[in-house]
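Heads up, there are several structures right after this.
Both complexes shown next keep chain A, but they swap its partner, so chain B is in the first and chain C is in the second.
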Partner chain A sequence: MTKVSTIEPVAELTDAPVKTGARLGLWLTLPAQLLVLFIALFPILMQVYISLTDWSPLDGIPWWRAHELWTGLLNYADLMADSRFWGALWRTFFVMAVCVPVQFLLGLGLAVLFVDDFRGKRVLYSTLLVPMMVVPAVAGYMFFMLFQSGGPVNDLLSLFTSDPVRIAWLSDPDLALIAVMLADIWQWTPLMFLILLAGMISVPQDQQMAAILLGASWWRRFFTIVLPRMKSIIIIALAIRVIEIFKIFDTLFIMTGGGPGVATETISVYIYKVTQQELIWSYVAAIALAILIVLSVVSVFAIKRMQRGQGT
Partner chain B sequence: MQRAIPFEIFRYVVILSLVAISLVPTLWMISMAFKPIAEWSAAGADLTWWPRNPTLDNFRFIFGQSSTDLIVALERTAGRPIFASLLTATFGTLIAMTAGTAAAYGLSRFGQGGNLPLALIQLRLFPPMAVMIPVMIMWSFLGLIDNWFGLSLIYGIVTLPFAFWLMKTFFDDMPREIEDAALVEGCTRWRVFVRITLPMMRPALASSALFVFILNWSDYLIALLLTTRDWATIPVYMASLSSSMTGQLYGAKAALGVIAAVPPIIMGIAIQKHLVRGLTFGALKE
Partner chain C sequence: MSEIALENLGKTFGDFTALADMNLTIANGEFMALLGPSGCGKSTTMNIIAGMLRPSHGAIRFNGQDVVDVPMAKRGVGFVFQNYAIFTHMSVRENLAYGLRAQGAPGAEITKRVKAFAELLQLETMLDRPAAGLSVNILQRLAIGRSAILKPAIFLLDEPLSNVDAAFRAVMRSELKSLQGQFGQTMVYVTHDQLEAMTMADRIAVMDHGKLLQVGTPLDIYNNPADTFVARFIGAPGMNILDGRLIQKDDAVSVEVPGIGSVDLPPALQFAARDLNGSDVQIGFRPEQVSATGSGLTMRVGLVERIGARTIVHLEHEGIAAKAVLPADVAPPVARKDWTFTVPEDGVRLFDPVTGQALKARAH
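After this line comes the complex of A and B, so read on.
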C-alpha cells in the first residue's frame, strides 16, 4: 500500500497532466484561432472573388452572385492606370519619409536627455507621453481648430510679424500637408521617445564605464557603444511608426478630409472615399488585395528581422 | 554622473519647451470647451487663450439643454454616443482579453497554437481599411451594421494581437513553481489556471485590459464604416456637430473632445510602465 501511494503522484505528473495539458492548451487557443480564421481566411477569399467582378452594393444583387458581373482582371488593370491611387500611395510614402525621421531624431534626442536622473524627471516624462494617449480623432479636431485662419497658430506667428498673420492652413494644398504632418509628429514623437528611452536604459553599463575610464568622449561612447546596442529596439520603433503611418487616417481625415482636392489624400483616405462615396466595392477589393499582398511580402522580412532582434 | 551646469540648463530648456508644445493643443481644446458661444463662434475671430467668461454651456448643450445664445437644438444628444463608445469598447476589450488570455496561456504553458504569434502580428500590420469591404459585406449579411455587438466583435478581433502578446509576456515572466506545486497537490490543469494563475495575474490582466480598452476607445475608422446612427461612437457623432446652417460648433465639439480625451489619458498614465511592453509586443519590458 505504501509503495503504491508514493508512486501514484509521480505517474500522474509524468503522464496524464502532459496529455490533459496539451488538450487544454488546444481548447484555450481555440477562440483566438477561430477569430483569426474568421477575419483572415474568409474575408480574403471573398475579397479575391469580388475583385474579379464589377460588383457594387448598388447593383441590387447579393455579393455571392457577383460572378454574373465577371470582369476578370479588369480591376487590376484599372488599378495600374489609376493615377489617383498612385498619387495617394506616393503621398503616404512622402508623409512617412518626413515624419518617421523627424519623430526618430526628436525621440532619440529626448531619450538622451532623460537617460540619467534629474529633478522632476517622472512628472515631465508622464507629461511628454500625453499626446500619444489623446484619441486620434480628437487630436485631429484639436489641430483643425489650431490651424484655423483665426486660430492660435496664426496668433503665435503674428507675434513675429507686424501684420496679423491670417494663413488658411487647411485650404492650401501644400500647407495642409504640412499641417497634417505636424499633427502626426506632435502625436507620435512621444511613442518613439518612450520606446527609445526604454531601449537606452536597458543598454548595460559595464562597457560604458570602461570607455569612460579610457577617456572616451560622450559622443564616441554614444555612437560606438550605445547606438549599436540599441539596434534591434531602433528597428522595432521605426517599424511601428512606418506601419502606423502607412495606415494613417483618423487625424488627417478629420483635419482635411483628404483635401483640398486630393492634396492630403493618403492611401486609407482614398480607399475610404471609393468605399463610401463612389461605392465601387469590387474595385476597392482589388486595391485592398494588392496592398495586402505587397504588405505580406514586406512583413515577412520585417518580422524575421524583429524576431532575430528579440534574441539579442 | 556629474554633468556641467550649462548642460542642466540646456536640458530643462529643451524639455520644458517640448512639454509646452505637448500640452498646448490639449489645453487649447479645454479652454475652448469652457468658452461661451460669443467667444468661439465664427464671427468672433478674436480668440483668446483663456475663456473670459468661463461657462459650462457647451457641456449642457451637447447633453440636450438648449442654449440661450445658440438657436439650434441638437437632434441627437451626446449621451447615446458616449454610451455606445463605452459599451463597444468594454465589450471589445472583453472579447480580446478572453480569447487573448486563454490563447496566451495555451501557448506559454503547453506550446499550443504556435502559428498565433505570427498570424497576430500580421493582423496588426494590415490597414483596417484593406479588409473592411468583406467585413462590411459579412456584417450587413449578419445584420451587424450599426449594431453594438457587430462593432464590439470587430474591436475584439482588431485588439486581440495586443491582448495576446501582452498576456503572453506576462505568463512567460511568471514563475511556474506555484503552479507545479498545485499540480502535485492534485489540482487539474484547468483548476490551476482558473484558481491560481488567473488570480495571481490580476494586476497584469488589469493593465492589459486598460491598454486594450484605450485602443478600442480611440477607434474612429471602424465605427465610421460600421455605424450609421444608433450606435455611432463619440468620434463619429462629433462630426455631426456641424452643419451648413450653424457652421462648426467649436465649443460643443471641444466639450465632447474633452470628455473623449480624458479617460484614456488617465488610464494611460496609470499603466505607463507597461506601455512599452504593449506597444512593442513584448520585445521590450520595462
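After this line comes the complex of A and C, so read on.
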C-alpha cells in the first residue's frame, strides 16, 4: 500500500510538466506559425482562386471580386489543348536533360582536378568562379554578342575552314537553342564545380589512404569511395540545377527573347509573354499551378527514390 | 614475413625536424612499439614506413631491399588507422573483400578468404550488416581483418586504441595481442600510452623530439632507462630523479642528496663512479622500490593517495618532488610530517646532470 502511494505521485510529477510545457510552447509559437503559414499559403490560394475565373487587371474590378467572372475549370481545359504550352514545357525539359548532365560531368571533372594542390590553383580557382558572379542579364548580352553572325564564335570557327563562317546562330531555330544551352553551361558549371569540390574535399582522407594501401587504383577509389561518399552532395547539386534550369529565363530572354518564333520559348518565357504581353492573368495562374503540381509530384517521387537508394 | 630496417632515416618539414637520423631494425615477426609523447616523430616514422611520406634522407629496407621509391600501394603493408578508416558506406563483407577485389582476385577465392577471415575474427554473423553502426571492438577487428586478408608481411597500427575508453582498452589489448599471434606478421605499433607498449610489445622504441632514445624489451626499458626522459616517461608514476653529488669514502661511493640524505651505490655503479668523486650527478629510483623501513633519505609527506592495491605518497623537500608507491598493507606515512625511507642499492640509477644520459653500470 505504501509502495503504491509513493510511486504514483512520482509518475504524475514527471509527466505533468512535460505536457503543460508542450502546450504552452504551442500557444507561444502559434502567432508566428500562423504568419508563416499565411505567407506561404496566401499567394497559392490566391492563384487557385484566380485560375478558376476569367479575371484580368484590365477588367476594372479588383482581384477579390474575380468570382464575378467565374469560369470553373475552363482555363485548365484550355491548357490541356495549348500546344504552345506543351512545346515550351518539352523544350524546358530538353534544356534540362542536356545542360544538367553536361554541367555535372564538367563540374565533377574540374573538382577532380582541383582537389589536389598544384601551382596556380588559387588564381585558376577564382577565375573559374567568375561566370557564376556575372549578372545573368549581362551574360545574356555577352552571349548575344558572341553569337552574332559576324561575331567572335564564327570568327573562331573560320580559323578551321577555308571560307569565313557566317552562321546566324540566334536566328536559326535549331542553333538558337544550342547557343542558349551553351550560355547556361558556361554560367552554371562553376556552381556545380564549387558544390562538388566541397563534397569531394570532405571525403575522409584516411579512407582514401586505406583504399590505396589495399591496392585500389585511382578509378576504383573514385567509384567505390569518393562518389558513394559524395552521394548526398551530388543529389543537392543536381536538385539545385534542375530547379534552376526549370526556371531558366534571364540570359535566354536577352539572347533570343524566346525566338526565333517559339524556338527557344521555355516555360518561364511563355508565362512572361502571356502575363505581360497578352495580360491573361487567370490563365497564367492556371499554368503556374499546373506546373507546381507536376513539379511537386515529380520531386516527391525523386526524393523517395533517392532516399531508398541511400539506404542500401 | 619481413624484416624492417631504418637507416639514418630523417624527415624535415621546412625548418622543423620531425625525425632525425633514426636507426632501427625490426626483426621478422616482431611486435615493435614506437612510444613517445605527441610530436615525438613516431607517426612520421610510421607514415614513412607505409609510404605515405617520403623521407628527407636515409633508407628503409624490407628484407634488405630499399623501398623508398616503392609506392605505398605496392609495399605490401597493412595499415590500421587511428579511427580505423572503415568504409562505412559498405557492408562488413564488402570491407573485407575490398583489397582482394582491388587486386583482381577471382570471385571464388574472394568468397573463400572472406569466409575464412570472418570466422577467424568472429565476424561471420554480421557479414551483411552495414559497417556504419558497428561497435568499436568490431570496427577494430574489421580494420585488422581488412588488411590481414591480403596477408601483408608488415602490419602498421597507428594508435588504434586511443578512441576507446579505458575499461575497454584492456580487452582490446589482449585481443590485439592474440590476433598478432595468429597472423605472425611483423607489427609496428605507434602509441603514446606506455601501458599498451609495455603489455603488448616484444620491444619498445622510445622517441622524443624526433629522436630515438632507447630500444629494448619492456622490462629492459623499465629497469635500465637510457636517459632521464625515458626514466620519467616509463612507469606510472615515472622514476624519481634527484640532484645529488658523488661522495667517495674509503672504497665506498655514495650519493648525497643535499638536505635529504644519502644513498649507497651497488658495486657495479660504484666502479663506474669511482673516478668522479665530488662531481654532480642525478640519482634515479623507481617509486615502487622505496621502502618504508630503515633510514637514508628524509622528505616531507604531502598528499597520500590510496588507490586500493597500492598507495602513492607525494614527497617534497624545498621544491624537490618525489613519489613513493607502497603496497596497500604497509601503513602509509602521516601527511605533513617528515618521513624517512630507503632505496635498495640495486634500485639506484645514476644519470649525467648535463646530458641526462644514464651512467652505465660496469663490472670490473
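Please note the rule applied: the second predicted complex is superposed on the first by the 256 of 312 C-alpha atoms of A that agree within 3 Å, B and C clash if a C-alpha of one lies under 4 Å from a C-alpha of the other, contacts with A are read in each partner's own complex, and residues count from 1 in each chain.
Here is the rule we use: contacts are C-beta pairs under 8 Å (C-beta built on N, C-alpha and C of every residue); 3 or more make two chains touch, one makes a residue touch a chain.
Fair warning: this is a prediction, and the values are worked out from it, not measured in the lab.
Visitor: I'd like to know which partner A:243 touches here: chain B for first, chain C for second, both or neither.
Guide: Only chain B; A:243 stays clear of chain C.
Visitor: Looking at the overlay, does A:229 come into contact with chain B only (first), chain C only (second), both, or neither?
Guide: second
Visitor: First (chain B), second (chain C), both or neither: which does A:220 touch?
Guide: In the superposition, A:220 touches chain C alone.
Visitor: Contact-wise, after the overlay, does A:195 reach chain B, chain C, both or neither (first, second, both, neither)?
Guide: Touch status of A:195: first partner only.
Visitor: After superposition on the shared chain, which partner residues are touched by A:210: those of chain B (first), chain C (second), both, or neither?
Guide: second
Visitor: Tell me which partner A:61 touches in the superposition: chain B (first), chain C (second), both or neither.
Guide: neither
Visitor: Looking only at chain A, is it chain B or chain C that touches more of its residues?
Guide: More residues of chain A are touched by B.
Visitor: Quick check: in the complex, which residue numbers of chain A touch chain B?
Guide: The contact residues of chain A facing chain B are 9, 12-13, 17, 20-22, 24-29, 31-33, 35-36, 38-40, 42-44, 46-47, 50, 63, 106, 109-110, 113-114, 116, 118, 124, 126-139, 141-143, 145-146, 150-152, 155, 186, 190-191, 194-195, 198-199, 201-202, 232-233, 236-237, 240, 243, 246-247, 249-250, 253-254, 267-268, 271-272, 275-276, 281, 284-285, 287-289, 291-292, 295-296, 299, 303, 306, 309-310.
Visitor: Would you mind writing out the residues of chain C in touch with chain A in their complex?
Guide: Per the stated touch rule, the residues are 50, 52, 72-74, 77-79, 81-83, 85, 87, 89-90, 98-99, 101-103, 146-147, 150.
Visitor: Would you mind writing out the residues of chain A in touch with chain C in their complex?
Guide: Contact set of chain A toward chain C: 204, 206-207, 209-217, 220, 224-225, 228-229.
Visitor: Help me check something: in the complex, which residues belonging to chain B touch chain A?
Guide: 1, 3, 8, 11, 14-16, 18-19, 21-26, 28-29, 32, 45-47, 49, 95, 98-100, 102-103, 105-107, 109-113, 116, 118-138, 141, 156-157, 160, 164, 183-184, 186, 188-190, 193, 214, 217-218, 220-221, 224-225, 234-235, 238-239, 250, 253-254, 257, 260-261, 264-265, 267-269, 272, 275-276, 279-280, 283-284, 286
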